[in-house]
Every structure is written in structure tokens, then in C-alpha cells.
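A, B, C and D label the chains in the order they appear, each numbered from 1.
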């Protein structure tokens, strides 16, 4: 009888009950911290009390058993308390060093049958922490790519950077399976975004039944959709037509109208964006920029995507200054140098032609003579 | 829980190897242990997607719990025969406790609930911050809601054109830099706005996120229509002793964040003074003393990040309020824009609540369908939004730079004599 | 019989014939230069030859007598050769120092009856050189303000900066009498632009006769003009209507259509823009930004405009670093600090609401607590 | 030249005092000496404008010389009775010689002509670069043109929707930094394009300007649809001896440009090394030697400007070609955008001429009425302009940064399988 004694609008449980006692005692009175090893942060309170936070990567897509195992660990070492970070890592808190060592040993020992770590420790400091991501093929209706699978493939390859502090600065990676970008892909150091490249199909037969035509038309940011009438099996149906030359494959029409599917196994794939950030540290927050417009969808391990991400990450690691985020590094050396160093081909797709495009044009002679520049002697007419 | 059928998933199985936690192994282990067909079917359907590179979920599906307009994302398989256990696979968004602290006692109850009423598969957490319970059928929804509210003291989060589940950084619970009590604020706002969270009445979604300082660990400035970021107005606190300890190499710069690479000995000039974006710092080598011209500081946090034992934010704390962030759909991505440079944050935060109500009133009246706040601001003009809508003073802090075009929309009342002119009069002065 | 023996399309005379012999001999073989005093540049050629260029301000609006006097000077000291700079200064060239001294003496002595110098020497190095300007009331049909008169008023006040090298860097000033901006106002350190603030009048009676209505409608960048019909003296006339709420007073409709006059003695006035530049030195070229949206038109000496320009110039001079252009200085200290130091009120007009406006929003918490910022404690609802 | 009438002009008279050359004194002296009513009338009409703050010129007026579509700006007074001598007051634009060098013999002829056939009032020079003869009547136009071409060997400049008079910096005539022969190029182009200059056939005006180096002394990047800026590809030439002379204080930094203020002794680190935008310079204090990592230099000219005796542009010279600059009308101001990073400039510059023709062909075909080239580029997209219109390779040098939005207009031929899909096929895979 689920409708009986209905309780509504109670909101989330109050956080205070979930704070470990040491946290409650020192709430708002922390003094400083030290990352004593990758994944382990030691906090000191003004009171002199100390707490160690141990951070572990998670796949985010997980089962209750996986969470129960976390509870078990929390019970064993942390009086049951545990928290998740804003990037889907899980954190255990202990107050003495002995427990800390035992906890770390324990975490290291827990593995899945296939050999992967269940709770790899890391994600602090100058590392690649967990990749913020979305649903992909496990749940969403608009993805161009999978989410968790691509993340797994990438993290496997750059795993070493999760558990170590050897990068010039923190590197925040993200993945979104379509242009809706459910996350902070648009402001990430390196990110993957699923893109469509074929205009939506229009199901004339079904459209007027399942979609509100004026809303569909209004949904297109470029006004590429116009009302139309079609004959289907001798019957006149109200429907729409897409001006394919004005379509930029954003998929917004499909979001509004199930009779305009846009996914396509052949056309869909991955774009890589880089150089965004969120923090105000040194430089202001900024958007990621598209550097690879398309990589084919390559399940199950997306080798080309993984290869490029590693290449970008390691080129950055090699050339950037200490404290320099990916975007700040690129701005210092210039985008032309970035493309040269990473060997990413520069194609016409990367030149903006959307609303604020003008502000990205190079309106100065400030550029470097990278390998891209040929000396022009003749021009044919 | 009788007979279960495992599908052949060679592609998915490829995702078991490698060091990063394998969700495939996890789901298979779970499905096998609990004999859950949904676990096998979801892997089966994903295998199909991996093969033909297309999703096998149908479009949308409006389901929910009574009296709520959000919190559940309906989802149906387009392979109903092949994967009957996931014919419906709805998501339930559960509002997380502030900063995502838990006790195992609560979490276990949630697991029990989900084993019982769902697929056992979840996300901790969703991108907005919710606990995501992934995969259940329509009939279970009311039961899940009942259990959540009655047994777990939990409630649904947002979805649809309403307030989305607010989210914050860990703030004062563990961070020494939090200038505001992010968790208290988020909890307070979430409760205050339960109606807006559960009953869609907006033009589109609306997100609130709070970070305790300009490091912005919850990415508020990138992801929330209403972003609150803690800050301070007075001077950075300096412990000169500790500064000297950094310079002397006794303390590790940036709290040890760079420990696995040899970057050479700490060089305060190179690593702090020269990187300060406003160049407002000075290290006196003779005196061994650090000076900060705080009037010029823009609170970027760099120096504090590098020397956490030595430097701390000031004590006159409050928040900067920014508005309008969003992902690219429809008109392009936006970061949030400064609207109030410095606001005091005292519980119960009536000033901020009032500001939020003001914004909503205007946006609900004037926002177009599926127009995010940021897009409304762009459409009507930041200046009009600040002055006419919010009744605030225009400040240089609102912009990175003043306009470069001279295309100003003067108002009639500003112009002497108004706009009505007499053609005949004009032609008397200026025969054509 | 002007049509007889018609010669057309011969183009300008070849420059070579006008180059002084020393210039011809060393063409393309100059080695370096030195500004030996404000207004006097000494050039050294690879050959060892030397030439002194003496730069004098001119009002640009001048008579043949004024030019003849320049010819006379050129004949006396420079074998008749003379050139003008890209900013309307005139330059005399001599090859020996004695002639140079005599020339400088001579120039100093030449004055107009009212006492103004005819050929003030200066405009080099870290000075304010001549103000590039336009026609104004002496010739144009669209001006909101005069040109030469405003320039005279400004230069009189800051004259000292023309003939000296005491600024942090060169300061390039410009003036345009309307938004057409016939010059480089949009990229000047400090500039004056005439603006209209009343929508165009529509002369229903005359419009269809003198304007092509479709062109008029198309001329409005904001689509504020719509076709209409009006009754004038019992007759139906095709005309247009202006949606005054969408008008931004650009005057483009008047350019296309004489029956839509926009000038208005009450409404017109001056906007001040600052911080632009053209050279690629250190920072890339950039646009000037509007800092004072409106100052009333105050002939004959525009005291308010002159006051603000001097204030901006001297505030810059006091605070900027050596080599720092106005715009670079402001970007270093932040626009909020600029408004504080100059005491220019910040008004809503300065916040962009045109096409690329978003890129000017402050999307970070990088700002300074200048006097503008009040601590907000309460907000009413 | 009989009776002349001076008007009462108290406001204009205010502009006689003060040190800056007074155009009012000049015009009055001239009018009095030559007994020119036009001089008095123009002052009289300006006085009226000074009084009521409005121009007294009528709109436009299409006048010109036979066979030319530009070069004359028609102008009529709206105070025909009060100021009859300036009832018509047309402007004649005369094409200046490259870089505006003259000999008095030529200038005097021009003055004679203008005394005889015009008001005697002129601008040296117009903002585009022309010699501007200000104020004549319609009947004189053909005579003026005759005298110009026959006696002065001069021709008209541009106005209207055509090529405008090209302009350049003084370049090699006097400047040691000119990487290209700006004057020769401008002269060559002006002659090559006489037809385009004199007979409007374009959608709107088109301007060409050439600067010899990135200092851009003719403001090409801000004011010309087609901007050519000299540059070099190899290394900056260094005279280490001279560098040491600067460091030692024997040479004045920036050629003495800062001579009237005490900025302290020259500090190469602070004034050059630290200000280099790419940080590619190094001063070795021990060796007393300057190093430049030329691969990283972006040729901003700063170091060369500061130490002209010591540093010079390289020897592998050429030009960068940028396009699209314009003032705000209609869509907003633009600076020119890099189109060809490095082009060789050998007379007769056929490569550049061909490029210009290519641009014109496209723009004449596709540009809208009153759409400047820069606006056309914005409308069709810089990428399409570069690749499809000009057939050039897209380069990172074309942009300051790549696009941040993912809204790419893929072309059908780039996408495997094209765009035509079969709904029925799709629904077979994905039942609705």
C-alpha cells in the first residue's frame, strides 16, 4: 500500500548524522592538509586533531554488492563512515596511522575476478583523477557512444597517472556520450564527447502522433526544421523536413521528438576536447576546445581514442611547467605548437563557425612558424 | 529468482581485464550471486550496442511517483523479447546528503531496497549529485518511494523542468579553505525549495551548486545556473614562520601534490610570486618575509594552494554569486557570470533565498520554453538583467571588459527632449 | 574643354620622384634610428649616411596657403622634399645638423594670428601624436559632433604631451564624428566618437520618392525598420516605421535614406572609448572599449570631454609601466581599478548587449574589491 | 573675387587661441588674403552648427566625373541663401603618392589648381590616405579632373562600392624594419587595379593597406579588408656588441622614445626579457650575451623596438596576409584575420594579385549588398572561406584557439554511408 501515510518533500537526510565524530568536532576548524602519498590526505585541525582521508577510484557504475563491500570496509576501519567526492571517488577516513596502513593494504588486496582493482587508491594532487562521465549505452536514449566502457578503456591505459603525482598539475578528464554533455566536459583538461554526424531521420508515419510539431521546429537552434506534409500509404500526414545543410547534428530535435532518431552506428563517434578548466587558480575558468573532431566508435576498447588521449596527456606532461594546467600550457606555447607537438592533424572542423566564432579568429600576427606553415610563393587564379 | 540466462558477451568481456575497476566483472558477479536476470540482460543489450554501435533504449517514457513531476527517468528497451528483464529500466534519482557523507547503516538499507526493488545497479553519484538507482520497472516506483521516505528518510531528487538536486563541495566538513558553510546552505536550500525541486514549473532545468572557495571543487561555475562561491574581503592570513619553512624546504609545496617528480627545490619566486596573476606578492629575500598587496589580489587561491601551512583565506568571509552556467544545448555552453561580488551568508540565508525567488519569478514569467537562465540573460542583456530585473547596481566587476561596440540602447527617459521629434521643425532648420 | 584628350586611370604619380636623394640612395638599406629630441628622428643607413626627420603637427584641415608655407620651408631646408605621415603630421628631412637647428628655429617661429603654432614639433616616441580625425560639421552629412574643433580643443589642453616623451608609451588618439568611425577609433588608446541618441525621424511625405524602401529596411542591422503606409495630406504614401525600442541609433538607415534624418542637437554627443591598439608589440591588436557612454555636445571647446580625456591620460601616465600601452595597463590592473582610479562612473551602458556580448561577461571570481563593491547583507523580495 | 562678406562667428573664433594649429585662423587668413567668400561662408555655416549642434549639410548628392564611379563626394548646404558660396561643396579625393612623399613643385601645382577651382581648403590627408580637396561646385569637377591628369599627372582616389585608395607605411624609404617594399607594392597594386578603383562593381567598399612590419604603422590590421604586413621567417639578427652597449647605458633604449622622464637605468631583464610575450629570450649576465629562441618568437617587435641598434628582423622576409578589418557598421567592428601566414613578395606580386582577384570574384558573386568582406567571411564561416573559397589549407595559425562548441557542420561526403538512411531499416534494428 504505497500510497498510505504518504510522506513527501522531506528532502535529503541531514548530513550531520553522517559526519565522523572527528569531523563533527573540527567542523569549520581545519587548519591545513598534506597529501602524504597519492590518495592519502592528512588533515590537521586547529584543535591539533588529525584525520587521514583515503581516496579510491570507483567505476561509478556499480552494484549494491560493490557498495556493500565499501560499507564493510567503512565498518572495519572507519566506524561505518564514508563519503564520495564530487568526481565519484570514495573516501575513507581514519584517525591513526596504523589503521591507515592496514586500510591501504586491505584496499590493495581487493580485486575483481578479471584482476582489476576494486578500490585503487589515488586521484589526489598532480594526478589524473576519476573521469567524470555519463550513461552511454547502459541507460540513455541519445548517446553516440558508450560511457563507462570508454572510461574503463582509458583509465586502464593511463592507470599509472591515477595513483601517482607526476603530472605538472591536476588533470581533470570527463566523458559525455552526446552533445548534451551531462557533466563538465565543456570545462575539462581533456575530455571525450560522443557526437552524431548524420541528420535525424524523420518518421513521417509516426511523427504527428508522438511529437508536437511546433515544439520540434522550435527545438532546432539553427531553424533547420520546417513543417511539411507527406503522403504515407495514401494518407496525408503532418510531419517535418530537415534542411540537412543547416543541421549541426546536435540531436536536440530527437530529445523533443522520438520520431526523429539521430543515432547511427556508422556516423557516430568521438570528439576530443582539451584545455578547459574550472578552478580560478592562476587563470580564470575556461572552456575546452575541440582538437580532434572525429574518431570512429571502436568498442570495446576504443584504441584510437585511448591512443590520442595518452598522447595528449604525455605530451603535456613532458612540456608543461609545474602548476600549469593543460589549457594554460597550451596558451603559453600557442595552439599551433600544441598541434605540432601532439601531431594531431589540424582540420577545417576545428575552426569555429558558430555564434561567437569571430572571437576565435587570429586577428594579429602573433603566431609561430610551426611545421604547418608553408612559404607561399605562387597562387593560381 | 528462478532460472537465469547469461548471454554471450565477448565484447563486454574484454572490459574485465586491466587495472581500473571493471563494471562488467562487478555486474556479472552480482548477477550471478543474486541470480538476477536484469544483470545478464543489461550486459546482453550492451553487447548488442557494442556490436552495432547504437543505443537500444527507446526514447523517453514518462513515469514517476504520485504528486512529483520528476525524480524518475523512464526507460524502455527496444529489444523487449531478447532482454525481457530489462523491458523497463527506469532510473530513480535520490537526493544525496550534502557533500555525500554516509554511514554504512544508511547505505546498506539503500542496497537492500535496491536489491529488492531494482536491478541492484546504481551510480554513486549522478553528474548532478544524486544517488542514481539504475533500472527498475514502473510498478516498483511507488514502493521504492515509500521505502525511501519511510525507511530511509530519503527523498527523490530533481529531473525535468524544475530545480535540480543542489550540490556542494565538502566545505567545512574537511576543508580548511571553506569560506562558507556549503553543506548547511545546500541542506537549507534543498529543504526550502522542495516544491520547486519536485514539481516542474520552470521553463527548463535550474541548478544550484556551492563551492566553499574559488578552487570550486564542485564545478559550480561550469555547471549551475546559480553558482555560489565562497570568498573573503579582507587580507590573506600569513604565517611567516611557515613561509620560511617552505622556502627552507622543510614543508612540501602544494601539500605534496607533486611528490612523484623531481621539480627541483622549491623556488618561492618562480612558483608563487611570478605565478600570482595580479603580481601583488613580494618576497623579501633579506627580511625573509612575504608581502601581499591584498587590494590587488583577485583571490585566485594559487599562493594558498601552494603553501597551505602558511597562508589562509581572510576572516571577513562571504560569497560571490554567479549565474547562468550550462552545457552547450541549445545556444552554446556558458560559464556563470558574476552577479553579486560579495554577499554575506548567515543562516537561514534569507538574502540568497530572496535573490533566488526574484530570479525565478522573472524567469518563469519571461523565459522561453527550454531556455536556461543563462540564455535568458543573454537574450535580454546582462545589463538589463542586473539593473531592471534584479534592481542591482551595474559594476565593473560584472564584466571582464566594457563593450567595444558603441551600439548602446539608450532609453527614452535618459535623452533630453525624449524621442518624439517634429519633422516639420527639423526641416525648418534643415531644408531638404 | 575638359572632355578633350581625356586621360584616365593613370593612378598616382610614382613615389620615387618625390624621394629626397639621400632617401633614394639608401632605400631599403637603413640601419637604425634615434629620436634625438621629441619630433626629431635621426636615421642611419648602412652606407653611413644620415638623415634627420623633423615631424610637425598639422590640423589636417588646412588651406593651400598653409600648404604653400610648407613648400616654402621644404624649399628652404630640404630641396623641396616633404612627406606626410599616416597620422597627418608633416615631416621635413635634412642631412646635416646645422640645417636641422635652423629648421627647428624657423618652425618654432611660425604662428597664426591667434598665437597658435603653425608647425609644432613633436609626435614621436612616448608622446600623444596627432589625433586622427574626420570631417564633422565642415563637410559630412551624418556627424553627431564636429571633428576639427574638438581635436583643437583637446590638443590645446594636452599640447605638452605632443612635444615631449614623458608618457609610458605612445598614446594614439582618434576622433570620429559618427559611428561610421572613419578612422581607427575602434583600435585607439583613447578616442572620441560622436553618437546619436534619438531614433531617426521618418519623413513620410518624402520617403518613397527619395529612398528605396527594401534597401532601407535591409540597412538596419537590428531589423527595427518595417514597411508601412501613411496618409499624408489625404494621399497614401509608402513609408517605413521604426521600432524605437530596437533602435541602437547607428544611423545606418540615414546613410541609405535622406528621409530619415538622425542628427539632433539635444540628443547627440560624445562617447569616449579607450584601451585599443593596432601594433603587435607585446600584446596583440585590440579594440577600444566604451568607458563614457555620453558627454553632451559642448561647442566650441567641449570642456567636459577635454577634462575626461586629460584625466584618463594623466591617470594612465601616473600608473602605467614603461612600454605599457593604455589597454595593456588597464588589463593588468583590471577594468574595475581603471574606473576607480579615473573616477569615471560605471553605468549600465558599458555592459555589452550586442552580438558577442557573452565574451565580455565576467565568468570567474577574478576581480578586485574596488570601491564599487558593497557587501550585500540583505535582499528584498 | 569682388565683394566678400564675413559672418559673425564668435564660437568659431574661440578656436583661434591655444597652442595647437588653429584651422580657424588658417581659413580666415586664407579667405581674407584671397578674398574667398567660400572661406567666410564655411566658417559661417560651421558657426551655425556650433550653435545648434547639428550639421548643415544635406544628405549625399551623386556627382562625379565622366566614366568614373567614385572619387568625388557630393555635398550641398541646407542654408543655400545664407551661404551661397558653399551651396555646393563637393570633395575631390586625389590618389596620394605611396607613403605620401612630395616635392614642393607638385604640391604647389595642386595648390594653384585648388585656389583656382575650389575653396582652397583641403585635408592632408583623408583617413583612407587620399589628398582631400574640400569644397567645390559641380561645374568645376571635369576641369579639376582634366588639370589633375594633364598637368599634375595625378588621378582620383576611390569612393563608393569599389576599391579604395590603397595606402602604406613609409617602409623602405626610411624605416630600417621594413620587411617588404610597401611603396612599390602599393604603387603596383594601385595601378593594376585602376578599373576596380574607379568603377564601383563591388558589394561595398574594399580597402588594401600595407605595413612593412608588425608595428603596423598604417593600421592595416584595423582598417583594411586586405591587410599585408611584412614579417620574417628566420632569426632576429643580433649585434651582441650593441646589446652590451644598451645594457651598459651607452645607448638609449627605444631610440630615446622615453627621454623626458626618469625611468631609471635600463634593465634588460625587466624591459626586454620579461616583456617578451613568448618568453623566448634569455640574457646571460655572465657571458653578457643575449639568446633568442627564434622558433618560439612571434615577431611582436618589442625587443627590436627597444634595441634598434642591436636587433634587426631576419633576412628571409615576406608578408602575412590578413583579411576582413572594418569599422562597426553594420555588424560590428572587425580586425583582420590571418589568411596566409607567410607569402613571398617579389615584384610584380602576381601571387598576391591573384589572391585578391580570387577574393573579389567570390565576394562579388556572393557578398550581399553593403556587406564587407569580413562580414561575408563571418557569414559563411572562416573555415569555408579558407578551404572552399580560397583553396588553402586550414592551419592553427588561422585561429587564436580552436572552437569550443562541438557544433560541427559535417559534410555528407565525409561521413561513411552518407546521410540518406532508411527509416524502415532503422526501425528493424530499433522497434519504436
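Here are a few things to note about the model shown:
The definition used in the following text is that a contact is a pair of C-beta atoms (placed from the backbone, for glycine too) under 8 Å apart; a residue touches a chain by one contact, two chains touch by 3 or more.
As the structure is a computational prediction, the values presented were derived from the model and not from experiment.
Between the contact lists of subunit B and subunit C, the overlap consists of A, D.
Looking at A-D and A-B side by side, the one with more C-beta contacts is A-B. Note on chain placement: the centre of subunit A and the centre of subunit C lie 48 Å apart, centres being C-alpha means. Distance between chain centres (mean CA atoms), subunit A to subunit B: 13 Å. Residues of subunit C in contact with two or more other chains: 179, 186, 250, 258, 261, 264, 266, 280, 285, 287, 354-356, 358-359, 363-366. Residues of subunit B in contact with two or more other chains: 52, 54, 56, 58-59, 214, 221, 277, 299-300, 328, 332-333, 335, 404-407, 430, 432. The touching residues of subunit D, counted against subunit A in their complex, run 214, 221, 229, 231, 233, 277-279, 295-300, 318, 320, 322, 324, 334-338, 340-344, 346, 350-355, 357-358, 378, 381-384, 386-387, 393-410, 412, 414-417, 419, 421, 423, 426-427, 430, 432. Those residues of subunit D that touch subunit B in the shared complex are 52, 54, 56, 58-59, 78-80, 328, 332-333, 404-407, 429-432.
Only residues 179, 186, 193, 195, 197-199, 201-204, 206, 244, 247-250, 258-259, 261, 264, 266-267, 271, 273, 275-276, 287-291, 293-294, 331-339, 346-354, 357-370, 372-381 of subunit A touch subunit D when the two sit together in their complex.
Of all the residues in subunit C, the ones that touch subunit A in their complex are 280, 284-285, 355-356, 358-359, 363-366.
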